[in-house]
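Shared between the two complexes below is chain A, which pairs with chain B and chain C, respectively.
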Partner chain A sequence: MEHFIETIGRNMFAIFGVMALVGGLLMIASKSAIHSVLGFLFAMLNIAGCFLALEAEFLGVAQILVYAGGIVVLFLFVVMLVEVSKKKEGEVFQLQSRYAVAAVAVGAAMFLAVFRKAFFGVASPEALVLRPELAKGLDVAHQNAQAVSRGLFADYLLPFEILSVILLVALVGAVVLAKTERV
Partner chain B sequence: MVSLNAVLLISFLLFSIGIAGVLIRRNALIILMCVELMLNAANLNFIAFARHNGSVAGQAFALLVMGFAAAEVAVGLALVVALYRRRDTVQVDDINLLKG
Partner chain C sequence: MPTPTLTQSIVITLIQCLLVVIFVFVVVPLTVFAERKVLGHLQQRLGSTRVASGHVGFSGWMNRTMWKMGRVPVLSYWRGIPGLVGDVLKLILKEDIMPAKADKFVFFLAPSISMVAAIVVFAAISFVPGTFFTFPAWFPYLGGLPVSGGIADINVGLLWILGVATVGVYGIVLAGWSSNSKYPLLGGLRSAAQMVSYEVPLTLSLLAPVVLAASLNFSEMSSRMATGMPAWALVPQVIGFLLYLTCGFAETNRLPFDMPEAENELVAGFHTEYSGMKFGLFYLAEYINMTVVSALASAFFLGGPWLLPFGLQGLLNPYLPGFLSWFGQPHAIFFVAKIVFLLFTYIWVRGTIPRYRYDQIMAVGWKYLIPLALVNLLLAAVIRCFAV
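Our next item is the complex of A and B:
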């Protein structure tokens, strides 16, 4: 029994990854848009699990907060606003563009050839590494959020500030786009 | 310890599912969700390389990408709502105003 649990713990990433793929497939295959949103939610939660398995604890929690807490709820609101009392999609899929499907198949074959060559290679042992002056007084291996914040605010402050401006622009733009014509 | 190739494979498959969804679905909302899935596959790659390389940059940029994704969803959903109000549909096949 302990051996079984240990094996599961070692293969956590693969389990979460496969479940995320299942969620994605549910999302693009289900007829009702609500079911698609639920598949999306399932995929996002499992991707958060993948982040945790990759020892990015802060990002895993942020993924759950941002996606499950914000974006999925927004999608559900709009789906319920738009899809209610609408007739079903007559034809769910559009496969008339055969060239697009063929191109995707060729790309997938190429990627799979790459992966077949070097499947499951060796992995590097070291965890996150900060510059010595940033890592002062910090247990980097166990304090992921602190380590990410020190890296973010030391080296990537400008992208962070640009992101805040972009969020403001998106906020104003969303209000302008969605408001009624005569106000 | 997770091997880098396993992460890249999962991320590639997620990205492919996203592309397939964008190509074959007709509902604008589901197309938006597929774009989100593709962004998440890219995020997974960022974090895998950060883990492999020991650099904090990957995680920092994954966080930034998450913020961009939120902004994109806000604007995209506003576009869908505006479209629905004007044309009464969210099926991309019915939106052919610019088609010659």
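Our next item is the complex of A and C:
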């Protein structure tokens, strides 16, 4: 019994990972847009579970808070508001399938390159961690939030700010698109 | 103190889960009962304050005897109990109808999402800091092991609570969509917009205690807010408390903000097509969410398992005489008493304030509550910077 539970506990990451994959497949395969959103939600919750299994509680919970709590709700909201009829749905999908295949091919190539490096490449001499002087006096396993915030606001401040500028650009772009449509 | 093995700790966790479920299933029906009675008194609806078992049987005999003795019968406080029994029986026994063109899977999924999201939140709520009780040595398998006051007192407990509570929105939105009917869809859309916008001031108002306590851990936050602060530093938190309570009412869809169901506009909103125990799960989830909001408010603003609100306990503690020292000790009963008081406030407000209009709700949320919450956060940061 003890051994069995321990084995399950050690493989929690794999269990959640497989379930996240199942969620992703459901998202792609289901016919109705709402079911796709549900599949996406399932995948997101399971990715949060993966983070929890790695003892990165902050990341896991942030995943739930941001994706499940915010973004997917908005997806659902939009899908429910803009209910596309079956015929038009077919047209939209046909129009986009060429670009979609191209995008998937590029993405697959990039992922393959990364995986090749990860599986067969030379391991990096040291793990990607916080600068030691920043992590001083910090029990990372129990002070998740502090560790992440030190990383964001001290070590990786510039990339973080650039990312937020990119988000701002996306926001402004969305407003511009919505405006032109209305005129 | 012996350390539990893995299996033993899992068994202990299951026992804790069981305790939480028992707590929920005791508190929720009593709240429903209290709601009927308090509303009955507030709005002079006599039925729920009068219905009793009548003049026959044991309770009737006790009533008559006490009247004869010249006293108000104790049982009169329990008048309205037949109404509660009827409610529960109706929920369990009513025929479960599913609309013909409903999306069957999602229709089935929605109430369960609501219920699960509402109850899983309790994982991070700790009723007592540290050990709740220890199993006596004669207890089989678990003898001598401590049971902590919370199931999983993780270091980001507050975020867990907020995150899982937001998943509850799906229950309402999906219920509205899957019923394949106009009023539920309108209710679902309304609730999605309302809950997503009120989450912002809710979270911002909870950030003030986070800044003051410098932690995201539930028990650490509640203990620091209760005893670790100078009393004057907590005065601005009164604003935060009122803000939080307002947003909590909106998050749980309670009366001044009950847009998703607004019965005279939308029939019954998102649960129009639901009946039987599926509707019962929505009903339960609403009351559990009320309990959770009350628990958070009492932990972070009213001093949690300690006695007095806003950290006054720490001020009083040194002057307590010896026989009253239990007064200053953390105990789950204080926590539960605060939760019950806040639940009463919920009912009180419901009986007092009429419903807002939809555009008014959104305007209040975005134009007043969010700026106020930001100012409150700034205030907390200033206090943190100079005082604590």
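The working rule: the second predicted complex is superposed on the first by the 113 of 183 C-alpha atoms of A that agree within 3 Å, B and C clash if a C-alpha of one lies under 4 Å from a C-alpha of the other, contacts with A are read in each partner's own complex, and residues count from 1 in each chain.
Definition applied: a residue touches a chain if its C-beta (ideal position, glycine included) is under 8 Å from a C-beta of that chain, and two chains touch if they have at least 3 such contacts.
Just so you know, these numbers come straight off a predicted model, no measurement behind them.
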| item | value |
| --- | --- |
| Touching partner for A:V82 - first (chain B), second (chain C), both, neither | first |
| Touched partner set for A:I47, first chain B, second chain C, both or neither | first |
| Partner chain in contact with A:A109 - chain B first, chain C second, else both or neither | neither |
| Touched partner set for A:V73, first chain B, second chain C, both or neither | second |
| Superposition-derived comparison: chain B or chain C, residues of chain A touched | B |
| Chain B versus chain C as contact partner of A:M27, first or second or both or neither | first |
| Contacts of A:F58 with chain B and chain C, given as first, second, both or neither | both |
| Touched partner set for A:V165, first chain B, second chain C, both or neither | neither |
| Intersection of the chain A residues that touch chain B with those that touch chain C | 58, 62, 70, 74, 81, 144 |
| In the complex with chain A, residue positions of chain B that touch it | 1-10, 12-14, 16-21, 23-27, 29-30, 32-34, 36-37, 40, 43-44, 47-48, 50-57, 59-64, 66-75, 77-82, 84-85, 90-91, 93 |
| Footprint of chain C on chain A - complex, ascending | 1-2, 5-6, 9, 32, 34-35, 38, 41, 45, 57-58, 61-62, 64-65, 68-70, 73-74, 76-77, 80-81, 142-145 |
| Complex contact set, residues of chain C against chain A | 5-7, 10, 103, 105-106, 109, 154-156, 159-160, 162-164, 166-167, 169-170, 173-174, 177-178, 185, 188-189, 192-193, 196, 199, 216 |
| Complex contact set, residues of chain A against chain B | 13-14, 17-18, 20-21, 24-25, 27-28, 33, 36-37, 40, 43-44, 47, 50-51, 53-56, 58-59, 62-63, 66-67, 70-71, 74-75, 78-79, 81-83, 89, 91-95, 97, 100-101, 104, 107-108, 111, 115, 118-130, 144, 147-148, 150-152, 155-156, 159-160, 163, 166-167, 169-171, 173-175, 177-178, 180 |
